[in-house]
Structure formats: C-alpha cells, structure tokens
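Mind having a look at this structure? Questions to follow.
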Amino acid sequence: MKQYLIQKLISLLPVLFGISLLAFVLGILTPGNPAELVLSQGGYEPTPEQIAEMEEQMGLDAPYPVQYLRWVGRVLSGDLGTSYSSRNPVGEELMRRLPVTLKLAACSILLTVVFGIALGCTAAAWQGRLPDRVIQALINVQLSFPAFWLALLMILFFAETLGWLPTSGTGGPRYMVMPSLVLSSASMATAARLTRSALLEEFGKQYCTAAMARGIGRWRLVVRNALPNAVVPVIAMLGNSLGGMLGGSIIIESIFALPGIGSYALAAVTNRDYPALQGYVLLTGFIYVLITLLVDTLSMLLNPKVRLGGKKI
Amino acid sequence: MRHRSPKLVFSAGLLALILLSGLLAPLIAPYDPNAIDMNVKLQGFSPAHPLGTDALGRDMLSRALYGGRTSILLALAATALSMAFGLLLGILGGYFGGPLDMAITALANIFQGIPGTCLMVAIAGILGPGIPNLLLALFVTSWAGFSRIVRTETLRIREEPYIEGLRSLGAGSGRLLWRHILPNMMTNIIVLFTTRVGRCVLSIASLSYLGLGIRPPAPDWSVMISDARLDYRSAPHLIIVPGLCIFLLLFALNLLGDALRDHFDVRSREVKEL
Amino acid sequence: MNTGISADSFSVTFHLPEADVRAVDGVSVQFQEGKITGLIGESGCGKSVLGLALLGLLPPYASTEGTLSLDGQVLTSALSRKKLGTEIGLIPQNPSDSLNPARTVMAQLQEALLPLRLSGKHRNEKARELLVSFGFSDPERILKAYPHELSGGMQQRVLCALGAACSPRWILADEPTKGLDRDLLVQVEDTLLSLKQYGVKSMVIITHDLPLAHALCDSLAVMYAGQILESGSGVLENPLHPYTRVFLDALPENGFQSIPGRAPRAGERLPGCPFAPRCPSATEQCRKKRPPAVSPEPGKIVRCFRYA
C-alpha cells in the first residue's frame, strides 16, 4: 500500500515535468516580443533601447533550456510571474480567486455524486422497466446540453421569469445553485450511466444471486451489496469530471460573473495577459494531478483486499 | 442477426436530417444568412421570417440552416485527425511495448494531465482565434485519450491465442497490425468516433461562444447564441433556436453512439463509458 | 396432503437474442419433505436452472410453463421470493465468488438475519451462535474478517451459516463441492449434515459429485438435456435408465468410460428420448416418441421404453 503510493508519486513526477514544459512552451509560442508587450501596456510606445534593456532584464536573450530552468526555479519558489494587465503577481491573483472555483467545483461534485449515483441505482434496480427508460433518456438529454446554453436557459427561466434565483455574482448559497447545477449536469449523467452499468455487471456475479436468495429487498441488494463493489470505476470517473469542471468553470464563471480562476483565465485571454494564462495552465494541471492521486488512493482504500493485504486468517 | 433497433433508425434519421439541411442550406435557405436588414430587427416568428430575426435583422431560419456547417466539418476533421494520430501511437505502443510504449504513455499522460478545456482555452487564447488554431487546440487536447484506449485494446487483442499462433507461423508485425489487430477494433473505433465527434462539436461550440473559435459574423449556432447575449432576455428565440440545433445534433450523435454500442455489443469498458 | 416440493411438467425457456433455449424441459419430479434429494447430471443439463426457478430467481428473459409447488401451494416466482431465507435457503456454488468481497462477514450475516426481526443485540448474538455451530471456534475474528481473508473451507461454512440463518425448512445446495480442494470434500459432508441440527429438515443437493450424492442423499433425480430420466431411491446401486448406467461408467473410479456421441446442444430439441442418439439400446420408437414415466420398482420412476 505505502509502496504503491510512493510508486504512484514517482510516476507523477514526469507528468508534472511535462505539464511545466507544456506551460513554458505556451509562453514561447506567444506572438510578439514579451519585452515589448510588457512595456507597451497602457498605450506606451517603447524605444528599441528600452526593449533591449527589458529583454536582458527578463533573461530573454538566454537559450530556451536556460530560460526554462530559470522559470522552473522561480515557479518552485512560488513566483508565477507578473500579470501584464494588473501588474500584480500572478500567483497571488490565482490564489485569491481559487477558493471561488473550488467552492463551485465542490458543490458540483456533490451534486454529481448524490444525483448521479441515485439515478444510476434507480435505473439499475428497475432495469428495463419504466424508471430505467426514463433515466436513460434523461442521461442522453443531459449529455446533449451545451453548458452555456443550459446556463442561459436557466437564467431565463429561474431568474428572469420566476425570479427565484439571483442571475449572477457571489453571496449566499443561493448564488451557487444555478452555476453548480449547470456545471454538474453532464457529469451527473455520466456518473448515472456508469453507476448503472457497473451495478448491472455486479448483478451478474454470484454473490448477488446468493444475497437475493437470502430474501433481501431489491433496494438493499443495490445499495448495500452491489454498490460498494461498483463504486470504484465511478470514483475514477469523478476524478475526470473534476478536471472537466475546472475547464467548464471558464464558461460558467463568466456567465454567472463569479470571480474564480476560470473567469480570470478568460480575462487573461482577452487582455493577452500571457503570464496569467501560463500560470493558470500550470495551476490547473497541478490540481488535476493532485486529484488523480487522491482518486487512486481512495479507490485503493475502498478495496478491502488491497487495504488489508492478501493475508488469510 | 440482430434487427435494427428503433433507436438506431431514429438517431441515424435525425442525424441525416441535420446533415442534409446543412448541406442543402444554399438551396433551401430563404435569405442570405448574413443579409442585414435593420427594418426587421428582433422580430418574432412570422410568415416572412418563420424563426424570426436577430438584432441585425438577419433571418434566423437561414442562419440556423447554415449554422452547423463549419462546426460539423471542423469536428469531423479534428476528430479524424486526432484519432488517426492517437490510433497510430496507441497501436504502436501497445503492440511493441518496451521503451517506445513507455515514451508514448508518458507523453499521453502529460497531455491528459491538464484538463482539456483549460488547455484548449489557453492554446486558442495564446494563438488567437481562427479555424487553424481551433483545429490545433482540439487536436492537442484529444489525441491522448484515443491513444490510451487504442493501446489498451491492442494489448488485449495481442494476447489472443490466435494472434500468438499467427506470430509463431511467421506472420510479420506489419501484417498482423494491419490485417488482424486493426480490423479487430474497428467496431470500437466506429463507436468512439461517433461519441467523440459529438464531444468535439461541444468543444467547438463552447470555444466559439467564448469568442475563441468560429468568429462572427459567420452564421454559426454558438456564434448566434453569443451574439444574443445582450438581447436574449427580451427575445428568447435568439438563443432557443440555435441552442436547439446544437442540442439536436448532440442528441442524435449521443443516441447513435448508444445504439451502435448495443448493435456491436461493445464490451470494452473504456469505450462503453466515454 | 401433498407435502414437499413437486414439479409438474415444468419447463424453463430462455429467450436469448440468437434463439430460444429450453433449459428445463417438461420436468415432473417430487422432492420429499424430511429427505435429502440429490439432483445429478452433467454440467449444462439444466439442474442449476431448475434450482434458480425454485428460488424464483430466474432472469427476466426466462419464461416458464407448468408448475412448481411447495406443500401443494403453487409457487409463482414472486411467492418463491417471499419464502427465500425463511422457508427456502440457498447454499450457492463457488464459495469464493458467492460472498460479497466488499463487506465483512458480520455485515453479511446481519443482513441474512434481517427477516427474523431481532434487536441489534440479539442479532449479534445469533450471528456468533451460527458461526459456532458451523465449526468456528473463534467467531469474533471471523465476524470482523472480509471474505478474502478466509480459506475456501471457511468461506463455505460461512455460506452455510448464511443460508441457514433464518432456519429455513428447505435448503438448496448448488454444487457444494465445486471449486473446492479434494481434502475439503469430507468437510462439506459434515457441514451439510450439521444443517440438519439447524432446523433444516429437507434438502435438495444439486451436484455432479456422485460420491457426495451417494453419501448424503436419500433419493436421487438424474437429469439429462433438461429432462429428468430417472428418479427415486437406490438409483446408484441399481441404475435402470441406460443413461444412468453410462453416466456411472464414466466416473473415474469405474474406469472413465466416455459416453459415445455428444450431448445435445443447448436449445436443441429432439422429438423422442433426448438420450436416444447416444443410447446403446435405442430403438426407432425411442427416436420418435418421448418415453412415458413408468415405475418398474416401488419408489422409482424411469422414462424409458424398455420398462414401458
């Protein structure tokens, strides 16, 4: 167990290295001269001498590998560079906005887990019957909704027509309802579908027949017997959807005006604020890797065979 | 042999209808999709404009008919491109194993290490909007997923006794890959392609909505929704019409993927769940 | 009054996408109360399907004809399900696959005891008691264990405890020796016999293990291609049906003589006796008509024209 985790951590190192390399290359691909870009913010026109000076100051004259190592060194010490548009450290700005995104993602993943698994269990318990058909249709409908369209429709209906929920901004829990519902819609459907098929696979196994032969009810068979065995692939999928939610938050945060890292990234794109964008890619990559590690650990802990080792009594 | 399921017929029919209306748009659209007529702006449904007009008085029906052309073509191209690349790497890694496999897997892990949409927005943002950059962003973020699935499938098929037998009879690697392993995963690839085209359409729509993909004034469904951001509260048809078009296209693709999965009786979990 | 389990022209058909498969074909048989009946036959002959039908656990794509009844009461699958645990219990095959890998023995035992509606404390006591009576000297440790921590023999005993938890009158043991080591076989006999002390009066043992059937069963029913060809007591000592004879000859201890020809494929239906194509003494009549059930000796029923 411990050994496996250490192995897993080591295997993540090249991925982290690759992500940093990818983020660095994105910086290089930036059209135009970064030194000129820094100086020309706010309509100022720098002279060639000023640009050359800035280039030297930013270390842009060094070969790429040297630049990469310097950059990694700065990143490791917590310096993600300075935003072109706000002149603030990118790291600080991202950290200030991260809690909003994390809160949104947490609410969405909660909705995904609760409704996704509940729908999947219901469909599996009534396989082939009306509840199953309805849920399967619902899953396909949910997967076909573009998030931004769903968001606009919900604003139109729940905020404009019914006036139940606030359109945008932050505040109490009411402000999180629509964004997290929209963000979780697709992953809820995926979780439901996966839960259903994993449960049906378990039903075919002998321990389920044996449990049924003890006269237990349908719901108990699904939730207490089959689900603990079916949940591992669902958890792996949840890790993936968390990654998807980080990406989806770009749209959701901008529609609902939430000050998270997603709307920050979009603003960075509009402002051509490349250090901010680079920092954003690095941060999301890092978070995603962390989630993957967490998911792996969790799935291992859920399997008693792995948790306790193969020892016999 | 199994008969065709109603689901398969329905989804294929719906998809054919959408594709056909896009294909025939120049013939059947009542107006030029970009013709501006400020005299009839923001109108509701009427005989002259069956689906109303937008803020610039452009005919919604004509724009809706044209609206899928670019993104469908782009989605097909991007999926085919990333699939071909992922297929090549996955099959080579899975079949030959060793350091080649390790290198490919590590590369795939890196590209999957950043959430797809985040990377896509960053790439499109840095390189600027436009079709070639959009294509690149889609390709970069989706080849790794294919390569991973194909690799697992190749590993599975490679272990089948008959492949072992063919190898011992002296069949060359190239022949084995081309004649036996590739055809063996064809059904999986078809199902995967269907669902992935849908996903690609969704990505293109999202990026275009954010202004990072297809640009206005092109008649595109997501551009239409994006354009309506200021007016949709008073004229909901501006987002309902194009949104419904995207929804129907995705619904047809999802349903078709489902029906194909049932039809081919796909067992691979990874293909099943995507 | 008619006691025990009886099947009357009972058939089970599976409706598969490729074809309809008749797994149990017009079976009429009696399992007497208070006796241990063995249901023997090669794998694939339909004996486990008959068992599932008895439990009301056939999959939704199966349909039945004829009737099964318990003490004269016709068993629909819904009714069978109601009797599960309390009146009919199951000891499933393959002990290692039949326990839930993600739950402790305690959790599974407590669940099996639910129909008794005991209080929490009593339920725990009863769980311990059950384990002790199935030969565990240290129930505490077993209760906390997960199935993978138990040996094959222990798993089987836990499954017996689970099946007997609510003291059902009937136990159906499905291939109790399948997948177990040779040296555990003796243990299985003891374990199954200890069920008797637990209020289980009657048993149906589905098996292809003839020594076990011989040692435990009061009477036997021989199944072939979905039909019961011979049933009653003393089947092994004095086999009447030609199939029973060749089946016995095919045992390792009797010289391993293989049966000529092949068993009918699943779903293949012959107009006459299903064994006719492989029977050494088959006649034209055997191939054309199904032999009637006759009783050439008291307590025995055979379906063969030789005795008609």
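Order of writing sets the chain letters: A, B and C. Residues in each chain are counted from 1.
Assume a contact is a pair of C-beta atoms (placed from the backbone, for glycine too) under 8 Å apart; a residue touches a chain by one contact, two chains touch by 3 or more.
Everything numeric here is computed off the predicted structure, so don't read it as measured data.
*Asks:* When subunit A is left out of the picture, which chains can still reach each other by chains of touches?
*Replies:* Remove subunit A in thought and the touching groups are B | C.
*Asks:* Where's the contact count highest, between which chains?
*Replies:* Contact tally peaks for the chain pair A-B.
*Asks:* Any idea how many Å lie between the Cα centroids of subunit A and subunit C?
*Replies:* Spacing between the chain centres: roughly 52 Å.
*Asks:* Need the CA-centroid distance for the pair subunit A / subunit B, whole Å please.
*Replies:* Inter-chain centre distance comes to 21 Å.
*Asks:* Give me the residue numbers in subunit C that touch at least two other chains, ranges are fine.
*Replies:* Answer for subunit C, listing residues that touch two or more other chains: there are none.
*Asks:* Residue numbers of subunit B touching subunit A in their complex, please.
*Replies:* That would be residues 106-107, 109-111, 113-128, 198, 202, 205-206, 209-210, 212, 222, 225, 232-233, 236, 239-240, 243, 246-248, 250-251, 254-255, 258, 269, 272-273 of subunit B.
*Asks:* Under the definition above, what is the set of subunit A residues touching subunit B in their complex?
*Replies:* So the residues of subunit A touching subunit B come out as 14-16, 18-19, 21-22, 26, 29-31, 140-141, 143-149, 152-153, 156, 160, 190, 193-194, 197, 233, 237, 243-244, 246-248, 250-251, 254, 265-266, 268-269, 274, 277-278, 280-281, 284-285, 288-289, 292.
*Asks:* In the complex, go through subunit A and note every residue touching subunit C.
*Replies:* Going by the criterion above, the answer is residues 127-128, 205-207, 209-216, 220, 224-225, 228-229, 302-305, 308, 310-313.
*Asks:* Which of the residues in subunit C end up touching subunit A in this complex?
*Replies:* 52, 55, 57, 60, 81-86, 89-90, 92-94, 97-103, 107-108, 111-112, 114-115, 141-142, 145-146, 148-151, 154, 159, 162-163, 165-166
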